[in-house]
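Each structure below appears as C-alpha cells.
What follows is a pair of complexes built around chain A, which joins chain B in one and chain C in the other.
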Partner chain A sequence: MSTAPSATAPQKRSFTAAASVYVNERTSVAGFVKELGRKAFPDHWSFLLGEVALFAFVVVLISGTFLTFFFQASMAEVHYDGSYVPLKGVEMSVAMASTLDISFDIRGGLFVRQMHHWGALLFVAAIGLHMLRIFFTGAFRKPRELNWVIGFILFILAMAEGFTGYSLPDDLLSGNGLRIIDGMVKGIPLIGTWTSFLLFGGEFPGTQIVGRLYTLHILLLPALVVALVALHLVFVVVHKHTQYAGPGKTQQNAVGPPILPIYAAKAGGFFFIVFGVLALIASMFTINPIWNYGPYDPSPVSAGTQPDWYIGFADGALRLIPPGWEFVWLDRTWSFNILVPLIVLGGFIVTVLIYPFIEAWVKGDKREHHIADRPRNAPTRTAIGAAGVTFYAGLWAAASSDILATHFWLTMEGVIHALQATVIIGPFIAYFITKRVCIALQKKDREIVLHGYESGRIVKLPGGEFIEVHQPLDEYERWRLVSFESYEPLMIRPNARGKITVGQRIRASFSRWFFEDRIAPVSKGELEAGHDGHH
Partner chain B sequence: MTRSKRRAGRRHPLATAALLALGLVFTGGAYAALSTGTVAQAEVDPNSQQTIEEGKKLFQANCATCHGLEAQGTDNGPSLIGVGAASVDFQVGTGRMPMQMQGPQAQQKPVQFTDEQVKQLAYYVASLGPGPEIPSDHLVNGGGDAANGAELFRINCAMCHNVAGAGGALTEGKFAPPLTDVSGVHIYEAMVTGPQNMPVFNDLNISPEDKRDVITYLKYVQDNRSPGGFELGSLGPVAEGLFIWIFGLGAIVAITVWITAKSN
Partner chain C sequence: MAQDDHSSAEIAAADSSHAAHDSAVSPGTAVIAADAFENPGFPPHRPRVTDEDPKREKRAQRTVYTLFYLSILGSVWAIAAYMLFPMESNNVGDVRLNNMFIGLGATLALFGIGFGAVHWAKAIMTDVELADERHPIGGSPETQAAAAQVFADADRESGFTRRAAIRNSLIGALLVFPLPAVVLFRGFAPQDQIPVELLSHTMWKKGTRLALDPSGTPIKAADVTIGSAFHVIPEGLTELEHGKLEEKAKAAVLLMRLNPEELNELPERESWSYEGIVAYSKICTHVGCPVALYEQHTHHLLCPCHQSQFDVANHCEVIFGPAKRPLPQLPIAVDDEGYLIAQSDFTEPVGPSFWERH
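What follows is the complex of A and B.
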C-alpha cells in the first residue's frame, strides 16, 4: 500500500499502484486496510471452522439467488406437465411444480438446488462444530460473551432458515414437517390454536403458508443473518482472535501471520475449496428427491420421514415421550407430550445461550481472557459440555429411531427405550467420565512437566540399580503445559453489612462444584524442586 | 439324378453345418420357450393331477412339520387351506418359506426351490381351497400408468415402505422390506395376500388395474436411478445428515488441517 509521493518516478507507477492511489484519494481506505491487514490471525485448524460456516453461507446465498429466479411461491393448484413421468398430470401446487421444473427442466437447476441444500446442511453443521470449539476452549469468556450470544442466535436463525427452506417445495416431506410444527404450536395451551391459525391463515395447510415462509426465507431471515454475521465479525476484529498458550503468547497480544497478504490469500483460496467441495457433493449425491415424495397431501406420511439434521433433536424429543401424556382436564386437552419437550428444549437452548454469564458468575472472574483453554484444563466445563453433547446427541439419534431399528435389526421399542435412558442418564455418565478423564490428563501433564518423558532408555547404575532415563521437556513445550489458570472454590464471606446472603451461598456451592476437584499447574518452586530431585 | 439329389440332400457338404444350426436353433428355442415359460407360468399345468401330486410330495417333505400333513395347520404354523396359489408363490418364491426361524417376521433368504417346484407347491395348496391366484402377466409387466401408481403408492404403501420403496420400521422388530428389487409378480401377490404384517389390498380396495399401476411405478423407480446422483439408500434426511457430517464436514476439516499445517 504505497502512498509515497510520486515525485521520484511518476511515469513508472504500475496500474495497481495507480488504481490504489485513485481509490485511496477518494475513500481514505488505506488506513483501514493497513489496520485490518496487519491484524494477526493465530493459526490453528479449529480457528477456521467459523470461516467454513461463513463460506457455506455465501454458497447458499449465491445458489439461493439463482433458485429465486425460477421458484414460484404459490399454492395455486396446477396439473404437473414437466418431464418427470411418474408425476405427469398429478395435481400439485405451483411451488411444487416450479421446484420440479428447477430439478428437471431448467439447465443446471438440479445441480444448484442440490448445492443450495447441501450447502445449508454444511452451514449449520459448521456452525455446530464452531460452537463446540468455542465452548470447549472457553473462548466465550470476557470480553467475548456477547459474541457467543450473537453466534448462538445465528445458529437459531440458521435453523429457522433451514426449516423454512425445507418447507418451501410443498412436497410430501416438507408438508409432514410443517404438520409437526403445526401440531407443536397447537399443543400450547390457550394461544396454540390461534397462533396456528395466524401462521397458516386458517386451518392447516391452507393456501398461505408457502408464500409467507418464502418471505421469511429469502428476505427477513437472510437479512438478519447477514447483519448478525457482520456484527459477529466486527466483534472478532475488536476483540482480537483467541490463541492457544505458547511462548510469547500473552493476554495482551495475538501471535500469528498478519491477514495481508498470506492469510487473506489462504482464506480466499479456502472459500473456493469449500465451494468446490460443495459443488462436488452436489453433483454426485442426491439430496431431497422431491420427485419421490410427490405433492403434499395431508393423508400420506412416508416411512422414514425426518426433518433435516439440525431439527432432528426436536423431532427426537417428541419421539422419546412415552405414550399417555395427553389428557383431558377441565374440559381442555393438555398435550404434555408436546409441552414437556418444548419446555425442556427451550430450557436447554436458553442455558446454552447464557452459559458464559453463568460461568463468569460462578467464578467471580472479571478479567479478560484471550488465551484459549485446553479442554482438560477446565475439567468441569468440559464435563458439562460433554453432558450437553450427550443430551443433544441422544435427542438427535432419536429422530432416526426407525432407521436405527431397521438397519441394525433392532426393535423400535428397544431403540426408543435405550435412547430415553441415554437422554436422561447419559449426560451424568458423560459428565463423570469426562471430568475424570480431564483430571487424569492434567495429572499426566503434571508428571511430564515435573519428570519429563519416559525415554525407554534403561541405565544400570554403578550400584547395580536400574533406572529409566526421563527426557526433560524443552521450555516451549513446558510453557504450553503449565500456563493455565487454576481457580479455587470461593470462600463464603460476609458482605459489607456482615451478612451472608443466600446468593452468596448458592454461588459458593456452585463454585465448589466447579473447582473442588482440581489439579493446579506446576509452580516454579515445584519445578525447581523436581529438577533438584533428579540431578 | 438321384445321386445329385441325394448330394443336394443329407450328403451335401454343408449338411453337417445345417444340422448343427438346426439343432442349436431347436435347443435355443426350447430353452427360450422354457425360460419365458417359467416366467409366464405356462409350463406347469395348474389343474393336472400330476402337478398336484408333485406339490403334495414337496409339501409333505418340506412344509408339513409346521403346517401339518394336510396343510391344516399346527401350533407352529397356520392352516394353508384357502390361502391360494399367490400366497405360496410369494412366500416360497421370495425365499421367506420354508422359514429360517420363528421371529417377528419371516426373513428373506435364498430361494430353496426351482420355479417349477414353487408352482407345484402353489397349485397343490390352491387345490385345497379357493384363494388368490397367481396374477397373469399383463398385470405385472409394468405397462400401466406410473403417475397413478405413484399416487396410490404414496397413499397406501409409503407409510411403511417409504415413498421411494426403501423400506421402513414397524413395531416390535417387524419391518416393511425395501421394494428395490422385488419382481412385479411378487409385488402383486403381496398386495392380494398380505404376507407377514402387510394388510391385504383386495380388488375392491385397489383394482387389478390400479395394482398394475403401482407395479409400473415401482418398476420405474427400480429402472431409473435418481437424476441427482447417488441416492444414499433413498433414506431421506437421516442419510443426508450423516453424509454431510462425516464426508462433507470431515473433508472440510481435513482441508483446514492441511491449510494451517506448518510448512517444513
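What follows is the complex of A and C.
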C-alpha cells in the first residue's frame, strides 16, 4: 500500500512509485489519498447491509450490461424459432423471443440472466434491511436526515427498476402485472384514463410499452440510481460513519480500522463474496422461468400468480379492500378500491420519509448525533418501527392470500379477513409489545449496572441460605450500558408574547407520547448508593 | 491499540456528551445528567492469535494464498465448462448443466478472492484501529461567514435582489419554458384516438360468432353441455393483422351453461341467454385480470389476481373481493346453423373502471 510519494523521493524509484508520481503530477490525487486513505471506518456487522445493497447493485449493473447486448425491446410479433422445443412456432414478441434466446441459445446467458434477477431481488431486500438498521439505531438523526431521504428515494427507484425489468420479457406473468398497473392507473380520478392511454401508446397492451420500460430500465432509472448512490456515499464521507457506543468512542471521534488497507480489503473482499453468493444462487436456482409461462396473452392467467417480493405489499393492499368501494358521483366513476390503497401506501411512504424530521421536531435536539442508539434505548421509536414493519408485513402476506389459503386449507375469505385485521390491529399490538420489551430490557440493563451480572457461582451462607454471587461490571462494559441519550417530555411554556401556541401543544403531546415512560441511564450517584438503588 | 491523533487519556478527558464544539447548540429535551458516568477511554488492546503465535500466522498465510489459487482454478473451471457443456442440442437438460457448471466455476472464482481478501485483512494485516476527530458538519463560523459573503457579493454585483423586474421576468420565463416539453407527451399515443371511445367498444357486434380461444373455431350451442365452461373470442380475431392483443384484451369472454332453473336472470336480460348458456366478459372489473377460474359446483368465477368472486347464477354480481361491478354480460343468440352468435356488442364498457365511465 503505497501512498503517493512526494516529488523528492529517493533517486532509485520503483515502477509503482514512478507511476504514482506521474499520475499525481497530472491529477493532484495525493491530496485525496492523504485525506481519505487513513480515515477510520467504524466497523460492525450491521454496517454491512448497506454494502450488500451497493454490491448487489454493481452486480446488477454488470450482468445487466451483458444482457443488453442480446435483449431486443421490441413487441413486433415473430414465430419463435429457437432451441426450446415446446414453444417452437408459437407467436410471441421479439422481446420474449430474445429473452428465450438468452436462456437457451447463448451459453452462460441463463446464468447471467438469473444472476441479474436474483441480484435485483437482493438489491431491494438489502436496501430494506439497511433502512431498518438505520431506523432502529437512530442513524437518521442530525446531520444525516437528508441522507435518509436520499436513501429512501433510492429504495423507491430500486423498486421501479425491479418492476420495469420484470416486465421486459413480455411473458404471461409480467404481462398480467402490467395489466394490473393499467387497471390501477385507469382508476385514478381525472388523469387516469389518459395516463394509461399515453403510457401504453394507445390501448392496452399496445406495441410500445416494452420499449418504453426498457428506456426507463436501462437509461433513466440507472442514471438516477448511480447519481444518488454517489451522493449517498459522498455524504457518508462528509458525515463520517456512525458508531455504536463503546469505551473510547465519543460524539467527537470516529473509531475503526483505516480505509487503507484493512477496510478496503474487507469491503473489496466482501464485494466478491456478495457477487459469489449471487453466482451460486444463479447457478443452482431457477428464477422467472418465462418458458413455462409462455408469451403474453390477455386471456389466460395461471392461479397463484405473484409479483416479485418487493411489489407484494402493493398487490396485497389491493386485495384487502372489501367489496363495493366504488361509486358513480357527478357522472364520474370514483374507484376507492384503487384510490384507498394508493393513498394509504402513499401516506405510509411519506410518513417513513419524513420520520427523521418529526422526531427532530419533537425532541428539539439540534446537536449532531454520531453514536447510534441501541434500539431498546429509544423505546417509542423502536415500537413505531415495529408497528410499521407489522403493517408492511400484513400487506405483503396479503399478496399471497390465495397461496396461504390453498396451502393451509383455509378459506379465501377467512385469510383475507384475518389479514385485514392484521393490517389494522396488528401494528397496535406490535407497538405495545415492542415498547414493553424495550423498557424491560432497559430495566434489565440498569439492574446489571447496579448489581452486576450473574456469575453462576452459588455460595452457601453460614445460615444455610444459598445466594448467587453477582459479578460487578468493569468500567468498559458498564459504559456500553449507561452511555445513551435520554429525553424528558416537553414542558409547555408560554412564548415571548405570553402565549402557548397550538404547535407547541401538539409538540408537547408528541413529546409525552415519546418520553413519558422513559428509563434514565444509571448515574454515578445511583451506583454509589449501592444496593439500596431504587428501581 | 495504535492511535494516530489521540491518546486514550485525551479522549477520556473530553466530555463524552456533545460538549466540546457543540456547547452553543440546543439539546432540546435531552437530559444532561450532572453525575453521568465518564467515558473510560479505549480498553487495552487484545492481540489476535495470529499476532502471538507465528505458526498460526503462517497457517493464515497459507489459507489466504490457497484461496486465491482456488479462485484461479474456479475461473479456469468456468471457462472449461463453457466449452465442455454445450447446449445446442435442443435439450433443456444441457442448458441446466451449462448453467450450473459455468456458475459453480464463477462462484469458486469469486469466493476465493472474497474470502481470501477478508481473511487477509482480519488475520494478517496489522490490527490497527484509528480514531478520527469529527468536526462540525456546518464548518467553522469563519467558513460560514465567508460563504454568506460570497452570496452577498454576488447579489450586489448582479443586482438579483435590487433589480426585481429582471429577476421576476427570469423566474417567469423559467417556469414557462418546460411547458412545450409537456405538450410533446401527447405524441405518446396516437393523435387521432380518444381513449374513452376505444374503451367503450369491443370487437363484438350483431352476428359475430363465438369462437374458441385460442383456435378460433366457432362454437355450436349443442356442444355446450350443462356445467361446461369455454374460453371464447370473437370469430375473426385470430385473422386480424393488427391489434390482435388489444382486441382480445377487451373481447375475451367466458361461456358457461347452467341448469336454467339455477339461473337467476334479470327481467330485462332474459333474452340475452340461450337455454342456460350465458356469456360474460372475462376481464375483471377491478383491475383487468382475466377472471379465469370457474367453479362449476357453485357457479362462482374467481379472479386469480385479487380474489374477486362473481356469481354466474346471479348475473355475475360481486360476492367477495375488491371488485365492485358485475362482469358485463354479452347478449347471445343462435344463428340458423346452430352456432352461438352475439346479439350486439357489450352494452357497457368492459374491464377496469375508469374516470369517465358512468
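As a working rule, the second predicted complex is superposed on the first by the 508 of 535 C-alpha atoms of A that agree within 3 Å, B and C clash if a C-alpha of one lies under 4 Å from a C-alpha of the other, contacts with A are read in each partner's own complex, and residues count from 1 in each chain.
Quick note on the criterion: a residue touches a chain if its C-beta (ideal position, glycine included) is under 8 Å from a C-beta of that chain, and two chains touch if they have at least 3 such contacts.
The structure displayed is predicted, hence computed values, not measured ones.
Annotation for chain A, partner touching more residues between chain B and chain C: C.
In the superposition on chain A, no contact is made by A:211 with either chain B or chain C. Contacts of A:37 after superposition on the shared chain: neither chain B nor chain C is touched. In the superposition on chain A, contact is made by A:413 with both chain B and chain C. When the two structures are aligned on the shared chain, A:300 is found in touch with chain B and with chain C. Of the two partner chains, both chain B and chain C are touched by A:266.
Looking at the shared chain after the overlay, A:402 reaches both chain B and chain C. In the superposition on chain A, A:103 makes contact with both chain B and chain C. In the superposition on chain A, contact is made by A:288 with chain B only, not with chain C. Residue overlap on chain A between the chain B contacts of one complex and the chain C contacts of the other covers 85, 103-104, 110, 114, 266, 270, 273-274, 283-284, 297, 299-305, 401-402, 412-413.
Touching chain B in their complex are the following residues of chain A: 43-49, 52, 85-90, 103-104, 110, 114, 118, 121-122, 125-126, 129, 172-173, 266, 270, 273-274, 277-278, 281, 283-289, 291-294, 297, 299-309, 312, 399-403, 405-406, 409-414. Across the complex, chain A is touched by residues 104, 146-147, 149-151, 154-155, 158-164, 166-173, 175-176, 217, 220-221, 226-232, 234-245, 247-249, 251-253, 255-257, 259-260, 262 of chain B.
If you check the complex, the residues on chain C that touch chain A are 4, 6, 8, 11-12, 14, 16-18, 20-22, 25-31, 33, 35-37, 39-43, 82, 85-90, 92, 95, 98-104, 106-107, 109-111, 113-122, 125, 127-134, 136-137, 185-186, 188-190, 193, 195-196, 198-199, 213-214, 231, 233, 243, 245-246, 248-250, 252, 282-284, 286-290, 292-293, 302, 304-309, 318-325, 351-358.
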